[in-house]
Amino acid sequence: MQLLPLTEAIATHVHDGDSVALEGFTHLIPFAAGHEIVRLGRRNLHLIRMTPDLLYDQLIGMGCAARLTFSWGGNPGVGSLHRLRDAVERQWPRPLALSEFTHAELALAYQAGASGMSCGLMPRYGDTDLGRLPGTTLRTLRCPFTDRLLTAVPAINPDVTILHAQQIDAEGNVLIRGIVGAAKEAALAARRVLVTVEERVERLSADMNAVVLPSWLISAASIVPGGAYPSYAQGYYPRDNRFYLAWDEIARDRQAFTAWMERHVLGVPDHAALLRALGVAA
Amino acid sequence: MQLLPLTEAIATHVHDGDSVALEGFTHLIPFAAGHEIVRLGRRNLHLIRMTPDLLYDQLIGMGCAARLTFSWGGNPGVGSLHRLRDAVERQWPRPLALSEFTHAELALAYQAGASGMSCGLMPRYGDTDLGRLPGTTLRTLRCPFTDRLLTAVPAINPDVTILHAQQIDAEGNVLIRGIVGAAKEAALAARRVLVTVEERVERLSADMNAVVLPSWLISAASIVPGGAYPSYAQGYYPRDNRFYLAWDEIARDRQAFTAWMERHVLGVPDHAALLRALGVAA
Amino acid sequence: MSVPAYTPDEIMTVTAARQLVNGAVCFVGIGLPSAACNLARMMHAPDLVLIYESGTVGTRPKVLPLSIGDGELAETATCVVPLPEIFAHYLQRGRVDVGFLGAAQIDRYGNLNSTVIGDYAHPTVRLPGAGGAPEIATYAREVLVIMKQTPRSFAPRLDFRTSCGYLEGSGARAASGSPGAGPRAVITDFGVLRPHPGTEELELAALYPGISVDAARAATGWPLKLAARIEMLPAPAPAELAALRELEARTRAAHARPIRISLRN
Amino acid sequence: MSVPAYTPDEIMTVTAARQLVNGAVCFVGIGLPSAACNLARMMHAPDLVLIYESGTVGTRPKVLPLSIGDGELAETATCVVPLPEIFAHYLQRGRVDVGFLGAAQIDRYGNLNSTVIGDYAHPTVRLPGAGGAPEIATYAREVLVIMKQTPRSFAPRLDFRTSCGYLEGSGARAASGSPGAGPRAVITDFGVLRPHPGTEELELAALYPGISVDAARAATGWPLKLAARIEMLPAPAPAELAALRELEARTRAAHARPIRISLRN
């Protein structure tokens, strides 16, 4: 594990054309890291994430992504991700190829990737159009024991997985606390792992059974307080539900979106400046 | 979840001929519950456990088991399980059928069982005699993506899984802390779940990410302090390594074994009496 | 017809809440289902077990979450498990009694579309997608669908089938091996539709006060059949309305609180 | 020949410890491997990452565990993960640099038997079985085998193949697709055997002080070949011996402590 300033961490480990999973299921979404990808102008990324959320709306709207692998792409509790819709419905600012799964399938794909498996298995029931999507990568097998149909989901191994977490200790071990989603699986599946954390501590305030990523599995870490805002970091600050509601208006319009991104992301040097500009930094 | 005296819990939920997994990987081994099975004279059990350990040596030596599913059957750090060996090598006190796996296979079988899957998949490499065991249940598949060989392991769903844990709260939720092995998977795979715990508390002393079995997944629980002795309960008492060393002598001889079991298990009413007789109860 | 003293959302929420038996394990989605489950927990079903797909098991939020993963859900949970476990150990293993679903479109057999309106490759409206819906639809012992009834959303033909209801009806779902029983009730802003015991086609089974059969039919994109007996549902009780409004007021206040983040470092 | 000032176990442990490069991730078994890894950690490799199959990652025990799951291992670990994860996320995913194995029998290609002596159905000796050995043998980037050399244990033919070494040699292992490189060294009480670069047959590659080639050959159940160059290994250094003996004394004292359990309730 290398402790790096965030710009350097992203510049070193995220390249044009990479497959990148910024994970965190509605919690610990690595906004600061994602914004750094926007500032560095990365292009042709294959973005992977179970729930694209606002951060992916921003990356897609800024033209960073060529492909999106996902299972649910909305503004949770609010409605659409308008930039995602604009990219899919009207190819703005560029076309976006989709690889879509169910939550269970995508979680299984990460888990298979984290386990050194080429695929994962789940039962297959019913009949939906999901299995008939153009270019679907799912395959159907028969269970050798019951002869029932099973779905095989190919493993996902991102070039780089980026997480936000609460703490890093003196040795570089990282604590993730609260809703963990498939963050650990996405990290263990990846070729490189980047982490931003709320703070550095001598020893993690964690029980032995806590969700901890050992230092030697992490490529680089950056200390970015508030790095998950407007999502949240359990024990540090809550989700800014007002921002999620407000985003609906901002993202609805191409110009309003671009102006917002230019002012709040491209126009500031780092995440702390964004938090100050939004009036949330204390 | 029903809170029951241990004798009643076992009498109600463990029947002759059941498949029973007493789990806990070198930690939290449910000795008290296992001894109650001996006292109740259960027969023809299909015992399942990754690492049979002393408790299964006792159950096998007392003739409770007709079959053993396992992945490593020794006295860890000491040597053989002499009663297991006697049953396999010389059918004493009765023949014991074996279903043996590797650790990874058995963990996968529990995991598949816990996940409502008929089987689990792992890569298949090399060539050992394990895949050629008489009556092996493993099957070989080809990955539909890479064409590589995969091993399919059939799910294990015990009739009853029995665990020892640290705490139960007022609602009946159970905390498992420390080395957890495949205890959670074994419990979630089972049709019925029995738990013995060190103590009952108002609220678990546990973080939100702790390993907790919700009350509604548990059939019955009993409060049995020291219930994992001579194995251990993290935070309560350590492993009695001296007992594990001493067992080698006791179990080596059929008569010494039988005498020990008659005196310390059949000859006492409960686990507390055993602990007092052994001089470990304070 | 007098103006009812409640909104359509309120009677839908109350009606959904009344379907829930104390002790049931519910896999809860955001919005009306979350409000309904928590209302039921506060009224007649204190031991309802709420599971949110974010991995929170047995949560008891004091305010409703805006997202499925608000911190409130983790803080009040029995435990928080990784997402792969929620789907494998709870849903797929058959531990969930009641699952809730909404959608952009439903057909007469309770199949659901939450993927696209229009052609998949060139959609008119790109919807959020599957999420956990296909698995909820498959594995929950029974499913409650909650959605507003319009001729476009109650569609003669789905643009895309995201989640299975009764497939083509008449036992097709059971024949497919699906472990769950499927959508036992569709709660709308007109009343409740339930599957016919034989054909499994959704029929109008209950109406809210002041709603007519014709109105419900006019809001349905297929010729809506009537159940053998149509139940007249009661209005929300004052205690239910009070509890729901209090919950929503608490929620609005909580969601409006400004966030302050310390940049010490 | 003077009596060496160390036991066979001690020189085996020290020799194994010296194979370990600082920072390596080791999948550790109980007994000599555990002693060797912890000795290395105390001597030249403080950042050695020790994983025990009980699920403890990055443990730094002050005393040696008797079992693979003593509480000491959990208390000093970076984290404790469920057993399925240790095998899937760490070993199978290729995160382990060095795995340790022992066995009842080894053949000339480093294949191992820890299942039975005699016929499987009617064994002379029923051994503990596979445990994690087959997966360690397959997935660790390299394997160190530690076992005492006798003509019966270094067997011309295994009674049962539990874990793969080089299979039939000459590239058979690589052809089978095994991700790990296999047993790069077999550390015995005579010296070290290593695979021939071409045939992959184990050859005598190093000897302890005072041990002859003939003695090593006499302790091998097949005609033991010699490596192109046989290294003469140094005796354990006084500092190594002192550290190892102190570790073992601490361990004996810890394991002898009587247990007291409170029956309050």
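Structural remarks
By letter and in written order, the chains are A, B, C and D; residue numbering begins at 1 in each of them.
Heads up, the rule we're going with is that contacts are C-beta pairs under 8 Å (C-beta built on N, C-alpha and C of every residue); 3 or more make two chains touch, one makes a residue touch a chain.
Since we're looking at a predicted model, the values are computed, not measured.
When the partners of chain B are compared with those of chain C, the chains appearing in both lists are A.
Here the CA centre of chain A is 39 Å from the CA centre of chain B.
Centre-to-centre spacing of chain C and chain D amounts to 56 Å, using the average Cα coordinate of each chain.
Separation between the centroids of chain B and chain D, computed from CA atoms only, is 27 Å.
Residues of chain D found to touch two or more other chains are 74-75, 80, 88, 92, 179.
Multi-chain contact residues, meaning those touching two or more other chains, occur in chain B at positions 116-117, 122-123, 148, 178, 180, 206, 208-211, 234.
Remark: the chains found to touch one another pair up as A-B, A-C, A-D, B-C, B-D.
By the touch rule above, chain D contacts chain A in their complex via residues 23, 25, 49, 57-58, 74-75, 77-80, 88-89, 92-95, 139, 179. Taken in their complex, chain D has these residues touching chain B: 30-31, 53-56, 65-71, 73-75, 80, 82-84, 87-88, 91-92, 115, 120-121, 123-135, 137-138, 160-164, 167, 173, 176-179, 255-265.
Touching chain C in their complex are the following residues of chain A: 25-27, 50-51, 70-74, 76-78, 80-81, 84-85, 88-89, 100-104, 107-108, 110-111, 122-123, 125-130, 133-134, 148, 178-182, 184-185, 199-200, 211, 223, 225-226, 229-230, 232, 234, 236-245, 272, 275-276, 280-282. By the touch rule above, chain B contacts chain C in their complex via residues 114-117, 171, 173, 188, 206, 208-212, 214-217.
Interface residues of chain A, counted against chain B in their complex, comprise 116-123, 137, 139, 141, 143-146, 148, 150, 152, 154, 177-178, 180, 206-211, 234.
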